[in-house]
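Here is the structure we will look at.
All chains are identified by letter, namely A, B, C and D, in their written order; residue positions are counted from 1 within each chain.
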Amino acid sequence: MKKFIGDPQHVVRDALVGLEKSAEQVRVDHEHRIVYRAHPKPEGRVALVSGGGSGHEPLHAGFVGEGMLDAACAGEMFTSPTPDQVAEATATADRGAGVLHIVKNYTGDVMNFEMAAELAGSVRVETVVTEDDVAVEDSTFTAGRRGVGVTVLLEKIAGAAAEEGHDLDAVAALARRVAAGGRSLGIALTSGTVPSVGKPTFDLPDDEMEVGIGIHGEPGRRRVPLAPAPEVARMLVEPILDDLDMTGAPVIAMLNGMGATPLIELQLMYGEVAPLLERAGVTVARTLVGNYITSLDMAGCSLTLLRADDEILRLWDAPVNTAGLRWGA
Amino acid sequence: MASLTAAGAAAWISRFADAVDAQRDHLTDLDSAIGDADHGGNMSRGVRAAADKLAADPPTHLDDLFKAVGMTLVSTVGGASGPLYGTFFLRLASALGHEEEADPAALATGLRAGLEGVAARGKAERGDKTMLDAMGPAVEAFEAAAGSDLATAAAGSADAAASGRDATEPLVARKGRASYLGERSAGHVDPGAASTALLFRALAEAVAQ
Amino acid sequence: MKKFIGDPQHVVRDALVGLEKSAEQVRVDHEHRIVYRAHPKPEGRVALVSGGGSGHEPLHAGFVGEGMLDAACAGEMFTSPTPDQVAEATATADRGAGVLHIVKNYTGDVMNFEMAAELAGSVRVETVVTEDDVAVEDSTFTAGRRGVGVTVLLEKIAGAAAEEGHDLDAVAALARRVAAGGRSLGIALTSGTVPSVGKPTFDLPDDEMEVGIGIHGEPGRRRVPLAPAPEVARMLVEPILDDLDMTGAPVIAMLNGMGATPLIELQLMYGEVAPLLERAGVTVARTLVGNYITSLDMAGCSLTLLRADDEILRLWDAPVNTAGLRWGA
Amino acid sequence: MASLTAAGAAAWISRFADAVDAQRDHLTDLDSAIGDADHGGNMSRGVRAAADKLAADPPTHLDDLFKAVGMTLVSTVGGASGPLYGTFFLRLASALGHEEEADPAALATGLRAGLEGVAARGKAERGDKTMLDAMGPAVEAFEAAAGSDLATAAAGSADAAASGRDATEPLVARKGRASYLGERSAGHVDPGAASTALLFRALAEAVAQ
């Protein structure tokens, strides 16, 4: 295992030190591993709290700041945060207008946030669960679909709505609309390595790739021969478009790297994805290409498409100032 | 030992912690195959913290003791196993009440409450390839032997947990992370079932003397 | 080789397609492989043209846009662009106030930009060469030091000055001041793979790392045993501070990933670097942590420190709107 | 062949292109060891483009021909080798003038001009472990044999270039990318010296018949 780390058991703790030192947007409660805005929003605004296992940086802590999250709870590597941690973040982030929990659909995350909401006492909590991964084809036989890329877009869009002063019900309804309109699919070329484990989670021969991976270094739905980029682009685009009609509305597209794939490959892949979308009649109104929701040092990428509308685009374009996403501020 | 005492319960948790530490890499290997390679780390972090807590400040009553274990697991493990094992011990604590010891019948009631708590929290069913597939048979075996002595009942539950664990191997997962693998999840033992087998083996060992 | 590419000979061409499709800030002249601003700056402003081998993304094309570059020439992988290409970019980018060439100090880059300046004819060209890599200890016996991380900071700062309307001499003088105040050092954990070559440029055993690497996948100055992050941080910080006094002035710090190192490791590494700088009396005024000047899929990082001043900080904070660096716009 | 004709010159470039293609991976391997793994690709892209250009539109005069080669190399190769080889041919073109052929003495003057162009452009000296270490000996050998016939002079220059190439192996680089490696650059043949050896071998072969 070749990584820039100290004690493999303390990677999350140590990375939060560097985040706090480098990102002016945040302060860190190191005891509870909660990342807060350096400058909390005004009283009377809805607060957004998210969190999840670590290893997906910049998600979630890198999205704390003006126009996006109010607090992010960092779990252990690939392990959801605990209820007391989320409850603490919820109580501290609340500005009197209630808190939206943004939860990716994994058994652990859902249960821990559920228990946290039970612990939250007087703070009003609404929860939105993202479940956008179309790799899980028959989700009636699973714990539903995994929450992946749309989480990034949702945190931005709901964050902008909260900043504008909408109440908790409105922000939650918008967030659910975003969650419902997002679809993703991921493909891995290599397995990542969990630092405390010290070896790759799975072995992948040089001439194969995993299709339908999530963001926890887990194997995907199926293993296929390594394919050139145009073919990979088809494997990403088709299942998404088969699952949800993306025509007739402006779409936000995110081509996301899993951590160890360099930008030039993501750009190249987007160059293959874009014409496929055009040919399918999909109008991409906004694009993100880069590492936004990663899986440690996995090489791979995922595509997320969000069926948007004018309000969502307006909120997308609103100013945001976080370590991981920034414009207009 | 006719009844489970607070000292016996502490010994249970301590043995469970030792077993999880010893099997940490194995649990993680199981989770690597069909999950996200953290079950060994999750469990060892949490159960060690629970054992340390009991050692530092030993409760005299079973409800306080298992509540401390449950709360510690909930607040240190995270993931799916934290709330599930946490709920198991919190329900066990409630069911046993403010007593200094529990006879086999009382413990059977407590274990059943724990099992139901896990099922309610996780909404899984038997056969979904989860810890329930070890925990269910273990609790049933304990109940069936609750008329005999504690050691016998615990030994039977440990054996049943181990069989339940082994029986998860051919199953296709329908809950938790492994379910995303679909058919590919078959052919691997469920990591949570494996840690549950350790839990009941630790109980059997703790009450064997 | 596991990469998201089509024909290994055409990776640069194909990636430019995706860049153009995803980055609203730019348009691409595919024939000449030149990336221009989508909206050229007003007449009478100094234009900034840079370029170099590809494989360092987001550098340089990702830094084209308001507040930064006017044009970037993409060379083949790790190969500087050609004189005619640079001359074309220079002529097109010129807004009548002359053009600043920003060149990283490599024999090929320097010669090709030199020939381009000779070809530029009536356009006034000034050139600034970055040479910030302290790994080249005795630079009298080399072609000078390599230009690495400070190039990113320089493009931002000089870009802001050009935007403000300073003339070519003033922008060039500022750029030289920035070049003179920057120092960098890089460390690699793995070698990158040039797509057309198909195998890693060098072999690096699992328990060793290369210290003093550049950005072209070349081996470094020396190979040392793999070390934990606190020790790596010392190896990065000490040679830089030995080379240039960074105390008594505000410093801009960049902890840069080489392409395959995930953000969590960069954050962690910055968490180790920051206290070393504090203890050495260095005041970090601004920080960047992320992938800004990469080396394909090399795992590794580099540290750049720039001795700044109030004017440089003001220009640093000025609005910038590029695919790779964005704030205030 | 008593003089280098335009046809001979075109054959030279065509053979050079074939040799570079054949040695492409070898040149890249040399550049991987002490550089950035692109010399084979750079040279093959450029020299093939130059050969294609001559084939498509064969100039009748040597200055036009070598100018086309030089300009093509400059605009297709990039890196360090593009301007250097480009300058070599541009200077060779100027020195030969608007002639249809060049005798050994004229060619010796032209090669010398090319060599000096490379030295001026790259500011390297002999012994810096660059292409100059093959080009210098090659041009000197050609000059020394310029009194004899073209084939003999060219064969001598090819041998000298090859020896010069081999002699770069123990050197520590002081120019170009390899210089950043310091002492670690010793023990490897310089890639540019290797491609220069191919250049002079191609000349010898082209004028041998």
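By our rule, contacts are C-beta pairs under 8 Å (C-beta built on N, C-alpha and C of every residue); 3 or more make two chains touch, one makes a residue touch a chain.
Computed from a predicted structure; not experimentally measured.
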Quiz item: Are the chains other than subunit A still all joined, and if not, how do they split up?
Solution: B | C, D
Quiz item: How big is the gap, in whole Å, between where the Cα atoms of subunit A centre and where those of subunit D centre?
Solution: 54
Exercise. For subunit B and subunit D, let me know how many angstrom lie between their CA-based centres, rounded off.
Key: 75
Self-check item: Geometric centre distance via CA averages, subunit C-subunit A, whole Å
Solution: 29
Quiz item: Which residues does subunit C have that touch at least 2 chains other than itself?
Solution: none
Quiz item: Of all residues in subunit B, which are in touch with two or more distinct other chains?
Solution: none
Quiz item: Classify the inter-chain contact topology: is it line, ring, star, complete, or other?
Solution: line
Quiz prompt | Listing of all chain pairs that touch each other, if any do | solution = A-B, A-C, C-D
Practice problem: Under the touch definition given earlier, write down the residues of subunit C that touch subunit D in their complex. | Solution: 53, 75-85, 106-108, 111-112, 114-115, 133, 135-138, 141-143, 146, 194, 196-197, 201-202, 214, 216-219, 221-222
Quiz item: Along subunit B, where are the residues that touch subunit A in the complex?
Solution: 28, 32-38, 41-42, 45, 74-84, 121-122, 172-177, 179-182, 184
Quiz item: In their complex, what parts of subunit A are in touch with subunit C?
Solution: 2-7, 11, 14-19, 21-24, 54-55, 57-58, 62, 189-190, 206, 209, 226, 228-230, 232, 255, 259-274, 287-289, 291, 294, 296-297, 299, 301, 321, 323, 326-329
